[in-house]
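Okay, so subunit A shows up in both of these, paired with subunit B first and subunit C after.
== the complex of A and B ==
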């Protein structure tokens, strides 16, 4: 079934080739803006919260990669969830003989986000080649796994936020807010006060997209902290699914 | 004007029904500005000033930026695109109201609530942490600041309307909106004070309308523009409002001829 979804998504984007190319070019502008921010900050300092410029670059690239993977696989479906709920369109998903959550989350695959992920992979390769991060194969492998963990945390976070539409109805702009909050995660979190830093690992889990993979890859994180990331991701995913099941029970199908 | 007042009241009522949306947009508009001071405070270390900004100055810079973003920013292009693509523009064209003006009223009704929120939040922070802020010395500065925010609102609104109306020809304007968002972030001084950028960048920023959207009002608030030059800057802002307003007027006239009322 997922193969059919991907084929449909590919054919959809093939219809709007010009738009896809424009959005890809726009993405380069956006990445340029992120890198420009780092350059502007580092013209006044050699380290930010104990992180060098190269490490902050790495952090930004990881953040973009996790974001693009999430956008490619889940965002097109999840970002419409609150509208689907408030307009009473969830019935279509609930009446099919497949998990409604799977359909809602995976029915669309955004090909261009995957292209962008590949571009970021090349930039990551360049950064690793250009700067001496003293990487080990073990750290590289764990970092790859942590990138998947980051996508899982992103998914759970966005799902939980959108599920609130069952109660608050028109809150589709919650995805814009999540995008902005998630953006904080691309900076070294050590610059924030301790309370905010703790929040980014717990209630507002934005540390897993960039900080955790970069800290692991550069050997700044001990094994128990890595284990925490895996356990937390599993916990949050379970909470998200349970919350979905609870919320669906109160769905009345009436639109607003 | 009575019909627009009635529209305003209706939209305001609707805004108050969906309070969660207002709070979410409010947070979205100020988050970026809330993060940047932490970055710069980390850079300052033991230094007193960077690029002409003290620690208090840089915090005030982003706090005023957050205020302007809440009061003057606009996200109206996506709404107009939707109205055009779904054919719901038709219903406006047969009514005795201007579509573009109605959309502005729609936005203003939301701004009334979000402005109240930011004023309450700002007052709370100012009372609790008075040493973090650099307030203007003269009441004239406050008046000039308010005027500059009105120009900022006008430019932001007209740019969004132009992007939205472009949907009549382009169909999809998300990419255009993204380009606008990126250029605005960089050239309006949202990321960092423009004096932190290379000189050619500052010159380029000064020649673009984005300059008047955030940087110019903040500079007035921080009293960094000499009093005898402020008039010239306001003339520049007025020229952009007139130029972009004229462009919007022409685009709208042509758009109405081009629009066939069918949805996508």
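== the complex of A and C ==
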């Protein structure tokens, strides 16, 4: 079924080609600005909360990669949940012999985000080459695992926030808020006070998209930190799904 | 015969909040809201046998759609039981969902920006249809609905009538045993309405599909449903054959008379209640039992050019029932 989703999404985007190109272009400009900012900041300092320039680069690229993967697979459906509910599309999903959560999350695959992910992968390759980061199959494997954990935490976080649309019809702003908060995850979190840092590992889990992976990969954290990340991601995902089931049981549907 | 749909004392209560207009009250409502309950469906019971075509009638907000939503498992009941094909709908078991379909006139299951065919292929995957069954169903439905030529046009570019046909095709691909239709002809022109009606009638007859239809258009119900269930303010007020409904609630007939020359209004008032009057034409409402007698008197006393005896229109009857029940 996922094959059909991807095929449909492909033709969907093909319908709006100009839009796709413009969005790709603005995105490249944005990524360029981001990397340029790092370059400029490091003109004036050699470390940021104990992080070197190449480590911050790595962190930024990792953050973008996780974000693009999330956007490609889940974001188009998930961040529109409130519209899906208020326009009654959820009614249709709920009558299908497939998980409605699956339909909501995966119906649209954003191809252009996947292109961007691939570009980031190239930049990552360049960073590894340029700054002599250690590279082995083990690293690649851990990178993959950490990416999956990062995307899963992103997914659960956005899902939980959007489920509130079942009770409060209009919550489009919630996604802007989430976007802003998770943007903080790009920075080396050591620059923040201790309490805030702890929050980012627990209640406001934004540390998993960049900080945790980079810290683990660069040896700032021991390898077994992955275990915590994994358990936390699984826990959060379970909570999100349970919350979804609860909301759908109490769903009252839009009128006619 | 075992009924295919069984509903016992089904009720649905919605919670909602009262909000007074005005800025201060809006501010207040952020902290404290008055909770109210609306009973959308009250202890409704009925059962439907396989192959029946049942019309659900009721004014806006009567609880028709809410009932359909419960029967299709979109929402849970507050009280009471329902079983469709032996399943409790709101448990949303896959085995149940593969055997029914819901078509809503105001909602679409087709991908708006893609040709309908893409949605059909997606449904093939969702319902896990074998290739041969999918091909057969598709060939048959596109043939009968005459939509072969529009399958590769993006849905947003189709007319409402074409879109509705595609919706029906999408819903019937998996050959559901039970079909719920929520105002399928809403907004359609007369010809399209007629097409959809004919298709539904044929489908019901040939496939023995059990169909429940809600509609505002009495023509839909008259043309399609032998049996009607009438709901008003959430309660069931009639369940039975449409013809009997007319017998029970209508004690009048309509006489439409045209004359060869002008007749004054006062001359006509003695025959019955005047509904419409023009000097050479009158529409009279008379007691059913007196119809024959009055018609003969008119023919004898007045210069009649033509006389017609009609039934009271069904939608008028329904309207009367609703206003009486208020």
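Going forward, the second predicted complex is superposed on the first by the 242 of 256 C-alpha atoms of A that agree within 3 Å, B and C clash if a C-alpha of one lies under 4 Å from a C-alpha of the other, contacts with A are read in each partner's own complex, and residues count from 1 in each chain.
The rule is short, and it goes like this: a residue touches a chain if its C-beta (ideal position, glycine included) is under 8 Å from a C-beta of that chain, and two chains touch if they have at least 3 such contacts.
None of these values were measured; they are calculated from a predicted model.
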Which of subunit B and subunit C A:19 touches, first, second, both or neither: first
Touched partner set for A:242, first subunit B, second subunit C, both or neither: neither
Partner chain(s) touched by A:141 [first = subunit B, second = subunit C, both, neither]: neither
Comparing the two partners subunit B and subunit C, which touches a greater set of residues in subunit A: B
Partner chain(s) touched by A:33 [first = subunit B, second = subunit C, both, neither]: first
Partner chain(s) touched by A:171 [first = subunit B, second = subunit C, both, neither]: first
Which of subunit B and subunit C A:1 touches, first, second, both or neither: second
Which superposed partner A:225 touches (first subunit B, second subunit C, both, neither): neither
Subunit C-contacting residues of subunit A that also contact subunit B: none
Contact set on subunit A toward subunit B in their complex: 16, 19, 22-23, 26, 29-30, 33, 36-37, 40-41, 43-45, 48-49, 164, 168-171, 173-174, 176-177, 180-181, 183-184, 187, 191-192
Complex contact set, residues of subunit B against subunit A: 18, 20-21, 24-25, 27-28, 31-32, 35, 38-43, 45, 50-51, 172, 174-175, 178-179, 182, 185-186, 191-192, 196-197
List of subunit C residues in touch with subunit A within their complex: 14-15, 65, 69, 72-76, 92, 94-95, 97-98, 100-102, 104, 106-109, 111, 113-114, 118, 121-122, 125-128, 154, 182-183
Partner subunit C, residues of subunit A touching it in the complex: 1, 3-5, 7-8, 11-12, 15, 87-89, 91-92, 94-98, 249-253, 255-256
